[in-house]
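Structure first, commentary second.
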Amino acid sequence: MSELILETRGLSKDFKGFTAVDGVNLRVQRGAIHALIGPNGAGKTTCFNLLTKFLEPTRGSIHFNGVDITGEKPAEIARRGVIRSFQISAVFPHLTVLENVRIGLQRFTGTSFHFWKGLTGLKQLDARVLALLELVDLRDMATLKAGDLPYGRKRALEIATTMAMEPTLMLLDEPTQGMGHEDVDRVTALIKRVAEGRTVLMVEHNMKVVSKIADRITVLARGAVLAEGDYAEVSRHPAVLEAYMGSEAAELQGAH
Amino acid sequence: MSVPALEISDLHAWYGESHILHGINLSVQKGQVLTLLGRNGAGRTTTLRAIMGLTGSRKGSIKVHGSETIAMATHRIAHLGLGYCPEERGIFASLTTEENLHLPPRLSGGRATPMSDAQIYQMFPNLAERRHSPGTRLSGGEQQMLAVARILRTGADILLLDEISEGLAPVIVQTLARMITTLKGQGFTIVMVEQNFRFAAPLADHFVVVEHGEVVESFAAAELPAKQAKLDELLSV
Amino acid sequence: QISGDTVKIGFITDMSSVYADIDGAGGVEAIKMAIADMKGMAAGKKIELIFADHQNKADVAASKAREWIDTQGLDMLIGGTNSGANLAMAKIAAEKKRPFMVIGAGSARLTNEDCTPYTIHYAYDTVALANGTGAAVTKGGGKSWYFLTADYAFGASLQNDTAAVVAKTGGQVLGSVKHPLNASDFSSFLLQAQGSKAQVLGLANAGGDTINAIKAANEFGVTKTMKLAGLLMFINDIHSLGLKTTEGMYLTDSWYWNQSPEAREWSRRFFEKMKRMPSSLQAADYSAAMHYLKAVDAIKTDDADKVMVKMKSTPINDFYVKGNIRKEDGRGIHDMFLLQVKSPKESNEPWDYFKVTTRIPGEEAFTKLADSKCPLVKK
Amino acid sequence: MTALVSTSKASLNPIYGYALLFGAIALLPALGVYPIFVMKVLCFALFACAFNLLVGFTGLLSFGHAAFLGTAAYGAGHALKVWGFSAPAGLIFGALAAGGVGLVIGLLAIKRAGIYFSMITLALSQMLYFFFLQASFTGGEDGLQSVPRGSFLGLDLNNDLTLYYVVLGVFIAGFWLIYRTVHSPFGQVLTSIRENEPRAISLGYDVDRFKLLAFVLSATLAGLAGATKTLVLGFATLTDAVWTTSGLVILMTLVGGMGTLVGPMVGALIIIALENKIGDLGKALADLTGVNWFNGLGESVSLVTGLIFIVCVLAFRRGVVGEAIALWDKARAKP
Amino acid sequence: MTDFFGIPLPALLGQLLLGLVNGSFYAMLSLGLAVIFGMLNIINFAHGALYMMGAFLAWMGLEYLGLNYWMMLLLAPLVVGVLGILIERLMLQWLYKLDHIYGLLLTFGITLVMEGIFRSFYGVSGQQYQVPDALQGATNLGFMILPNYRAWVVVASITVCLAVWALIEKTTLGATLRAGTENPKLVQAFGINVPRMITLTYAGGVALAAFAGVLAAPILQVSALMGSNLIIVVFAVVVIGGMGSILGSILTGLGLGVIEGLTKVFYPEASSTVVFVVMAIVLLVRPAGLFGKEK
């Protein structure tokens, strides 16, 4: 198998004459934590929406594990192991924490259309669920309604649910957004931990997080790739400094 | 000192459940230019939106020319003389350039002389040319000009400008810089959010650095050299 | 002996919807008048009336009927408008063995395919209407017909019955157009009718459809070239359309308030109460209730079978009609009248709307026993 | 819709509660309650529960559920009367017919969400209504009358009481299926779709298929209600298929409490009772207040229905059962 | 004479024209719905009832106050507009934050109440309203006799539709409305009282319905139920048109009137279902409707 897990060729999206994503060639290495950064409105979320087919690309193609998945439906892509989280927290608020994660696991049992069955069949998943919750420190909150969790814990729950899908590629959209300091650190560590053995593509504004865990960074600006490389390369890149990190800030800093 | 044009104390704001602003304090004197600095996602845009009453919910105090606005409806706040130029520009796709320009009404409480169309077109000749084309067909820079231009027609004397230099060619940035200097000379009070320090530095009378929804640094232009090191640290990536 | 020590009459009709005006509250009032005329007593026992609105829903009607019989000791049921509701009630009444007198519903099925030993179809039916209007108009010179037919079972049977009569009387049917039920706009259909160059436009529809069709016919000048014949119309329809619009139209009815001195006298009493003249149905409500009460009074029992025999063997002779109830199928047999709408000038007083042009003898108007499809009729 | 839903569970096993409820219903005729009335309520309760399965647990508000009630009512009626089906076969045939229609309408409507979904189901059901109006087997305006009750596994259904227990049995079976569906793996996915559709998609669920299955299930169960109704009353009429009946079932569900299992039953009871008793209520009010207008209340069912709608939407969105659950939760949260 | 599928061409022309008359009612009603939907995101089920009320007001004006048709053509929309303001302020405004479904249900309830009220006072068989004197009579167009009043209906409603279209597409007020549908918050930040604008939009939309009602009064029997059958057809029109644009709802309305008219000639039995059939086909091909934008 090739080293590239995900590759886009000339991926573009137009909204009524406005091009939000413009010919993006993204190459994500297997096993890496790859960060997608860029100013607000650069097209990062739109990129995620294209990759998961929540939006239909205007042009270009998407290849996952060497297979062209451009024509597939969102659910199909998810079943291939490309699982995303959302910029705005996405849990099932009226289900318990346990049920939230179990929904993810349940798909593998093949019983999802079985409306005549009881829930006892699902109970056997609970051990696995609890193990996943353990991973994100949510085990003792398993019976709470997800809607009642504090914000940071919801994001953690989302990650646990995503993990339940045994994703080969996780797409995380601003996983630390709207969190306090401790939560940010916790989630950062968590991502680092769960990234073992899989690939993560994340959008993140918080450079502290990016610098700490990202193996590779793609900078997007105005829908196009501006630069790519590891943190050191990117943070020195003049165009990136200009468009994203602010040229003056860098100048004032001297060479970082 | 006279009543500040804008005075904010202990401002909290939320988007849905995320608590974004954790008690912002700042004040701007009439005729001053204040620049909000900070990293991406620090909460600068949110501060401007909170002033306009556009966030999910907000608490604390925001006084415009001395009147408390925390419980006011957005359109009433605007009529106290505020003009808002949003970060995403907010050009309306279904409106032509001219309709976009004429959309904001004259503000009843505005203290500045509204600019005429002629003055505006003189300042931004591009807009005159594209007068009849749909707003979102304009280039990014032109859209930015339009977004600024349209609040100058209203008589607003406090301008809230969110990253107006973003994505613009240097010449246009220079135009905007000149424009802000002119406006300042005419007595406008301006609150700017800027990434582009080179653009903001010579214009501002006062700097405020926001971090995680709180003001972590606030100083006058004169103190800039002294604060430089601190600033580097705060803004470093 | 009287069950439950009261003679309990039930009346279920449309009191709130399309047919509320021709029967409805006026019908209730008419039955109350009958009870009052009996001084509230029959066979020495109190008479009681219960009534309900079926909202033109057969299920509501049937459930109400069943509930009254099961729980309220109902002795006789009067069925108001809406054939579907009445067919449903007839079934219940037969099952529970209660006399059921149908007034407002027109479907001839009530005494044909769906006849029961307990159903009396008292006032009119679609066959009588077709016979009346079809025959009389054709004989009067309207030889060629075109039908505007509501596109459902009732409309079709009204059209077929009339067409048969027209053909038999020497007329000719040039065509027909079906319109959807509750069509709001008839202009297109009328234009097609006009294109047929027929002399008579037969309106095989009811209620609002008839009214809207007539309005549009006026507007498009169809009335100038064709004669309109309403196959199922009542005085209230004329009242709401106005004479200017309906002038010269033909329709058949069992009764008209101004047809005789007795009719006038009763109608005045009705008018005092309801501020409007009675429709034939309301008069029939009174007459039917009276016929039943007198039968009970005469034989001193409310036993259903005995009362049925008594009612069928007693001739009806009141201000409403002179006639009888046919033993075999329960069909009320009496004269029908072809009425023509007066012009505004001819009308002398409010509600003075009709000229009685032809009296159609009962034997001619209603289905002959020989043609009956009622399984109870032995041939 | 999410705001309405309460999945809170009473601490004791709900099965006992239901057993108690159904036991009580079984005893009603012995207490002198008129059995036909209860049967009618049961039919509508099942109808409302089936409707609620869709709206309460997938958030799809169908404004065309009368189409399924009507299809099954006519289908079962025709099968029983003309083809001479036995009662159980007639019921099953009716329900399956409704399910088939549900599949077709569902395929068209599922493509859109929200109000569009409502409008499309409304329009399509109206189309079916016109079909019933014109088709010969329905008897048009007169309806399909004199449907025989026949027998059920050797029991003569012409006895009201026998029929009563058969209908109760059918209701319990239908309700059990709904209960089962809600508490099944499938139900879990439905809940997740209603709560956060994009998230459910991103977990790999083909939401349209789940919605479609829910739609068909709901249609089939609504059909079962319609077929049973024909059996009980002995006729099927256009009223079963007309769009105001779709409105009525929404009202029942809303009044009782969308997304609660028992709510629709309560709602059906309230609305059917109201329909039957409003005249008496009006008379009582007229006597009490001396306002003569109330005497006409019996003729103004739709007016009162409308008022209930408005009040429910503005002030009472959780419905009777929903409010009760909320109160209960609050009371428990306090100590 | 030229024939067209067995129908003489002149007769066909006549039928097309009549289709246009009905189409203009559809257009006016769906236009009102589209305007309301655009600003409030509410499907106004009460539209049919307010149309009915417009017709009733025309009748009541003449009956009780002696106000003629022309007066009522102005007054009825005003009165209904005021009622619209009340409905929006007292009820609808509390629902914006909820699922759109509640707006549909609430307006459905309002429909039942309004119909119930009119029914309890005026029964159902309907009231008679005369064609105004100035528009009495008919004109022979050669291929058909067109009642003057129908001609007036087409002219009046197309004029009103175009006027509304122009108002929305060509004026500052319209620009504000369009901007308001795109981004209400920002518009409010410019100092425009968006809530009031929403109220007035609702009032304007329902006034259109009332105007259509007055226009319909002389053609149809004025009755409590006249709106409820129409509204479902209009819903179908809206689904077909897609609510995308003002012009779209006008064109779809007119077009469907014509299609329906043709069906009445060629296959009258289907004339009440043809709209729904068209809807089903359109949905299969274009789920967002003819003029609708994909979400």
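A, B, C, D and E label the chains in the order they appear, each numbered from 1.
Everything that follows uses one rule, which is that a contact is a pair of C-beta atoms (placed from the backbone, for glycine too) under 8 Å apart; a residue touches a chain by one contact, two chains touch by 3 or more.
In this text, all values refer to a predicted model and were calculated from it rather than measured experimentally.
Undergrad: Going by the contact rule set out at the top, which chains touch both subunit D and subunit E?
TA: Correct list: C.
Undergrad: Mind listing the touching groups among the other chains when subunit D isn't counted?
TA: When subunit D drops out of the picture, the chain contacts still join everything into one piece.
Undergrad: Using only Cα atoms to place each chain's centre, name the chain farthest from subunit E.
TA: So the chain farthest away from subunit E turns out to be A.
Undergrad: By mean C-alpha coordinates, which chain is most distant from subunit D?
TA: B
Undergrad: Report, in whole Å, the distance between the mean C-alpha point of subunit B and the mean C-alpha point of subunit E.
TA: Centre separation, subunit B to subunit E: 44 Å.
Undergrad: Report the inter-chain centroid distance for subunit B and subunit D in whole angstrom, where each centroid is the mean of the CA atoms.
TA: That pair's centroid distance is 56 Å.
Undergrad: Need the CA-centroid distance for the pair subunit A / subunit E, whole Å please.
TA: For subunit A versus subunit E, the centre distance works out to 48 Å.
Undergrad: Approximately how many whole Å separate the CA-defined centres of subunit C and subunit D?
TA: One centre to the other, that is 36 Å.
Undergrad: Among the residues of subunit D, pick out those that touch two or more other chains and give their numbers.
TA: Residues 130, 134, 299-300, 302.
Undergrad: So which stretches of subunit E touch two or more other chains?
TA: 119-120, 269, 272
Undergrad: Which two-chain combinations qualify as touching?
TA: Final set of chain pairs in contact is A-B, A-D, B-E, C-D, C-E, D-E.
Undergrad: Help me check something: in the complex, which residues belonging to subunit C touch subunit D?
TA: Residues of subunit C touching subunit D: 15-16, 20, 25, 52-53, 55-60, 62-64, 66-67, 70-71, 83-84, 87-88, 91, 107, 109, 114, 151-154, 180-181.
Undergrad: Quick one: in the complex, what on subunit A touches subunit D?
TA: 52, 54, 73-76, 78-79, 83-86, 90-95, 99, 102-104, 106-107, 109, 111-119, 121-122, 161, 165
Undergrad: Sort out for me which residues of subunit D touch subunit A in the complex.
TA: The touching residues are 2, 5-7, 177, 180-181, 183-189, 191-192, 195-196, 198-207, 209-210, 213, 217.
Undergrad: Report the residues of subunit E in contact with subunit B in the complex, numbered from low to high.
TA: Residues of subunit E touching subunit B: 172, 175-176, 178-179, 181-183, 185-195.
Undergrad: Which part of subunit D faces subunit E closely enough to touch in the complex?
TA: These residues of subunit D touch subunit E: 1, 3, 59, 61, 63, 108, 111-112, 114-116, 118-120, 122-124, 126-127, 130-131, 134, 243, 247, 250, 254, 296, 299-300, 302-310, 312-314, 317.
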